[in-house]
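Paired with chain B in one complex and with chain C in the other, chain A is shared by the two complexes that follow.
So, the complex of A and B:
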């Protein structure tokens, strides 16, 4: 039993931590509550991360009690990898919230409780071995994210972003569920492995399975915010308080990809449905091309840096889908490239949103390119951090983003998708334009006469988050081998043998 | 006994009605109702499939439906809170009048 508790510990620690934090919020006096809660949430996430590492080193393969949770929760290396990744993203979001909420007078303790519970939902999604658990985890994660988006109660933008996020998110969940219901009807199973085996065995319900596949794909693609199902993402990202945006861009997106990989590679991995001639890979390839191209073109036209980062996050979903399509050739290696990309993307995007937070003050949040004009000369540290994260998002060496793209492209080339790789490459060149435009404004422009001059806020929390992200971005860019080995192990032990 | 196909046909019809309602109606409360219809279509399909001969004795579909009902209640609670918060600020529950965010 101890071994089971240990491999489940990241989830258990977060659950316990969230309950304790809510208790602490109710019992402490109001004036010194605020700062402590952000610290507490960060400690919970760091503990979750530490236990993920511990569970990884301990190994999950020999823990026989895992069977007790089957088929509801599957505790494997893939799950543990995502546990750690979510804790990292959650910790960065909690640190950013610690500075942001105080500066903008939004300090209410619920934020951290929602943040942690929503992350638990993400962990459930990554571990889900049954359609029911996928749904419960997804709802736990999404409901928390809806509430976080609406957190700024006096702002019409926050409410509007949350409304759009909520409506389209629930719509996507309903479509996904109808797909699962049809799969249940066709195969008699709700556990993903059972569905996969029944589909592989063939049967008389081929049409129903195909309809179900379409519905499930639409639901999944909605959740990873790929074009043409991306409409909610820019509005939700822009309307939400920036730490909530960070959380959505990092943790919720990684959770959606964990779900996509788990469902597609477990349920729909038979020869017929996972082939280039028929099935989901060509569909996802077209969606990837559309996503990258449309998102990058629209991102280039934005006036708001926050909205540009939202479109950039959509474009990154496109690159990630290229890696997902490449799983058709070698499931283990291509999945590893997706996992590694998710790691580099999490630290880069959390850092970029963090730097945007740092550049704003109460009543003068940095939003547009103009707001950032001249920051390079007056506040070199803030501008340097922002530049580093944007360079990483653009995929320029020696940063994390470069190796993320490198491994995805290599997986696509190995799978023989030359055209797809070339399109992805040209898209990252287009993307560099709008990332570097921020640098141009920061270092080469001066604010227009009379325009308010952005002054960075002072917060130990935000500074810590930025330093941690910056170290990770550089470390992943200089020595990517260790995290890559971890990603390879996480995917090969889980997905290497089709149908295993 | 009414064959399963009839239930599934009804469920597909309900799902379509809900989906179309979601896409064309602009009143957020009606949109929420459409979502409910879609999820009830899912519940109906799950319960109907549970009756199929191969699943006699297993109740996965029915249990699944209960979980959907519970999760849905939580979701609508948050959804209505968001609608109320929007109404307080903008005095409207129409989704086409919530148009501050665009590029």
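So, the complex of A and C:
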């Protein structure tokens, strides 16, 4: 029983920590409220991360008590990897919130409760072995994200983004549920393994399974905000307070990809469905091409850096989908490339949003390109951090983003998708344009005469988050072998079955 | 089915139809809500006849107890005499909607008539639902034995919904009130209407200076 508690500990630690934090907030005097909550939330996330590492080293394969959770929760290396990743993203978001919320007068303790419980939802999604658990986890994660988007209540833009996100997200969840209902009708199973086996065994309900596959794909692809289901993302990302945007871009997106990989590779890994001739890979490949191209073209036109980063996050979903499509050739390696990309993307994007937070202060949030003009001369440290994360997002060595893209492209080439790889490559060239444009503004432009000048805020929390992400970005770019080995082990021990 | 059972079915079904008709026809929103309530109660009655006591109870608690009451709250907030301005806009989509719904409804009825067993032997081919299927007892047993893991984890779902409701609906803090009054915030956050696809005007420091 202890072993079971240990492999489940990241989730349990987060739940316990969130409850304690809320209790602590309720019991502290009003003027001190929310003061130490960011620190508390960060400690909870770091503890969750430490326990994920512990569970990884302990090994989950020999824990026989895992059967008690079956078929609802599957605790394997894949799950533990995502537990750690969520905790990392959550810790960075909590640190950024500690600086941002105080600076902008939004400091209320609910933010951290939402952050942690939403992360628990992500962990449930990653561990889900049953359609019911997928849905409960997805809703837990999404409802937290909806509320975080609406957190800045004085702002119509925040309300607009939250409402769009909420309505479209609910529709997508309903469509996903329809898909699962049809799968249950066709196979008689709600557990993912059972559905997968029933589909592999074949049967008379082929049409129904195809319709279900389409509905499930729509629901999944909506959650990863791929084109043409991306409409909500820019408004929600722009309206949300920036730490919430960080959280959505990092943790919620990773959760969505965990769900996508788990559902597709467990339920639809049948030879027929997982092939280029008929099934989901060509559909997903087209979606990947559309996502990368459309998002990159629109991102280049933005005047708001925050909105540009939102489109960039959509474009990254496109690159990741290329990796997902490559699973039809070698399930383990391609999945590992997706996991590694998610790790590099999490630290880079959290750092980029964090640097944007750092460049503004109370009543003067840096949002547009002009706001950043000349900041490289006036505040070199902030500009340097921002540049590092943008270079990583663009995929230029020696940063994390380079190896992330490298492994995805290699997986796609191994699978024989040359056209797809070339399109992805040209897209990363387009993307470099708008990332480097920020650098141009920071270092080569001066603010217009008479325009107010952005001054970076001072916050130990934000600085800590940036330093941690910067170290990780460089470390992943210089010595990617250890995290890559972890990603490979997480994928190959979980999806060992040869696909396609 | 006994004669009494049949009579019970027809009473419930008639009431449900009358309620549904009331929702569509009533001009007064309160009457419409009451029609919905009548329909929900009658459907709960039909569930009872099918041995699905749990579903009947949930139907009452969730739909009658929560959703209709919420409708009534909203109607009361707007005032019972609130009317939508009667105009002719949207007549075409409304007609299309009505036609599509009618087609789906008639199609479902047709399917039912076609596939329904015509003879007593055919009826036997359908799986007989045992008496305890859907009962509160059976449901509780499943929920607390087989389904204990999702049951426990859905507490996190409820928790995040509660915190989210508090975060969105709680009274404004002093800092937020000050923020709402500051002209910079007001300017920054007015979403600027822009043509489809065009980049939106960002907020931020520079734009405030232009205003």
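Just so we're on the same page, the second predicted complex is superposed on the first by the 497 of 500 C-alpha atoms of A that agree within 3 Å, B and C clash if a C-alpha of one lies under 4 Å from a C-alpha of the other, contacts with A are read in each partner's own complex, and residues count from 1 in each chain.
The rule is short, and it goes like this: a residue touches a chain if its C-beta (ideal position, glycine included) is under 8 Å from a C-beta of that chain, and two chains touch if they have at least 3 such contacts.
These figures come from a predicted structure and were not determined experimentally.
A.B. asks: Which holds for A:334: it touches chain B only (first), chain C only (second), both, or neither?
C.D. replies: neither
A.B. asks: Touching A:370 in the superposition: chain B (first), chain C (second), both, neither?
C.D. replies: second
A.B. asks: What's your read, chain B or chain C touching more residues of chain A?
C.D. replies: Result: the larger residue contact count on chain A belongs to C.
A.B. asks: Have a look at where A:182 lands relative to chain B and chain C in the superposition and call it first, second, both or neither.
C.D. replies: first
A.B. asks: Using the superposition on chain A described above, determine whether A:174 touches chain B (first), chain C (second), both, or neither.
C.D. replies: Touch partner of A:174: chain B, not chain C.
A.B. asks: After lining up the shared chain so the two structures overlap, which partner does A:163 touch, if you call chain B first and chain C second: first, second, both or neither?
C.D. replies: So A:163 only meets chain B here.
A.B. asks: Determine, under the contact definition given at the top, whether A:73 touches first (chain B), second (chain C), both, or neither.
C.D. replies: Touch status of A:73: second partner only.
A.B. asks: Given the touch rule stated above, what does A:106 touch, chain B (first), chain C (second), both, or neither?
C.D. replies: A:106: touches chain C, not chain B.
A.B. asks: For A:226, decide between first (touching chain B), second (touching chain C), both and neither.
C.D. replies: So A:226 meets neither chain B nor chain C here.
A.B. asks: With both complexes superposed on chain A, which partner does A:87 reach: first (chain B), second (chain C), both or neither?
C.D. replies: In the superposition, A:87 touches no partner, neither chain B nor chain C.
A.B. asks: Can you give me the overlap between the chain B contact set and the chain C contact set on chain A?
C.D. replies: 132, 136, 139, 143, 146-147, 150, 153-157, 160, 162, 238, 298, 301-304, 307
A.B. asks: Spell out the part of chain A that touches chain C in their complex, as residue ranges.
C.D. replies: Chain A residues touching chain C: 15, 18, 22, 69, 72-73, 104-108, 110-111, 113-114, 117-118, 120-121, 124, 130, 132-133, 136-137, 139-140, 143-144, 146-148, 150-151, 153-158, 160, 162, 238, 298, 301-307, 360, 363-368, 370-371, 447-448, 450-454.
A.B. asks: Please name which positions on chain C make contact with chain A in the complex.
C.D. replies: So the residues of chain C in touch with chain A come to 147, 149-150, 153-154, 156-157, 159-161, 163-168, 170, 172-173, 175-176, 178-180, 182, 184-185, 188-191, 197-209.
A.B. asks: Given the complex with chain B, which residues does chain A contribute to the contact?
C.D. replies: Listed in rising order, the residues of chain A that touch chain B are 131-132, 135-136, 139, 142-143, 146-147, 150, 153-157, 159-164, 166-167, 170-171, 173-175, 177-178, 181-182, 184-185, 188, 190, 234-235, 238-239, 298, 301-304, 307.
A.B. asks: Within the complex, which stretch of chain B touches chain A?
C.D. replies: Chain B reaches chain A through residues 4, 8, 11, 15, 18-19, 22, 28, 31, 35, 38-39, 41-42, 45-46, 48-49, 52, 54-55, 60-61, 63-64, 67-68, 71, 74-75, 78-79, 81-83, 85-86, 89-90, 95, 98-103.
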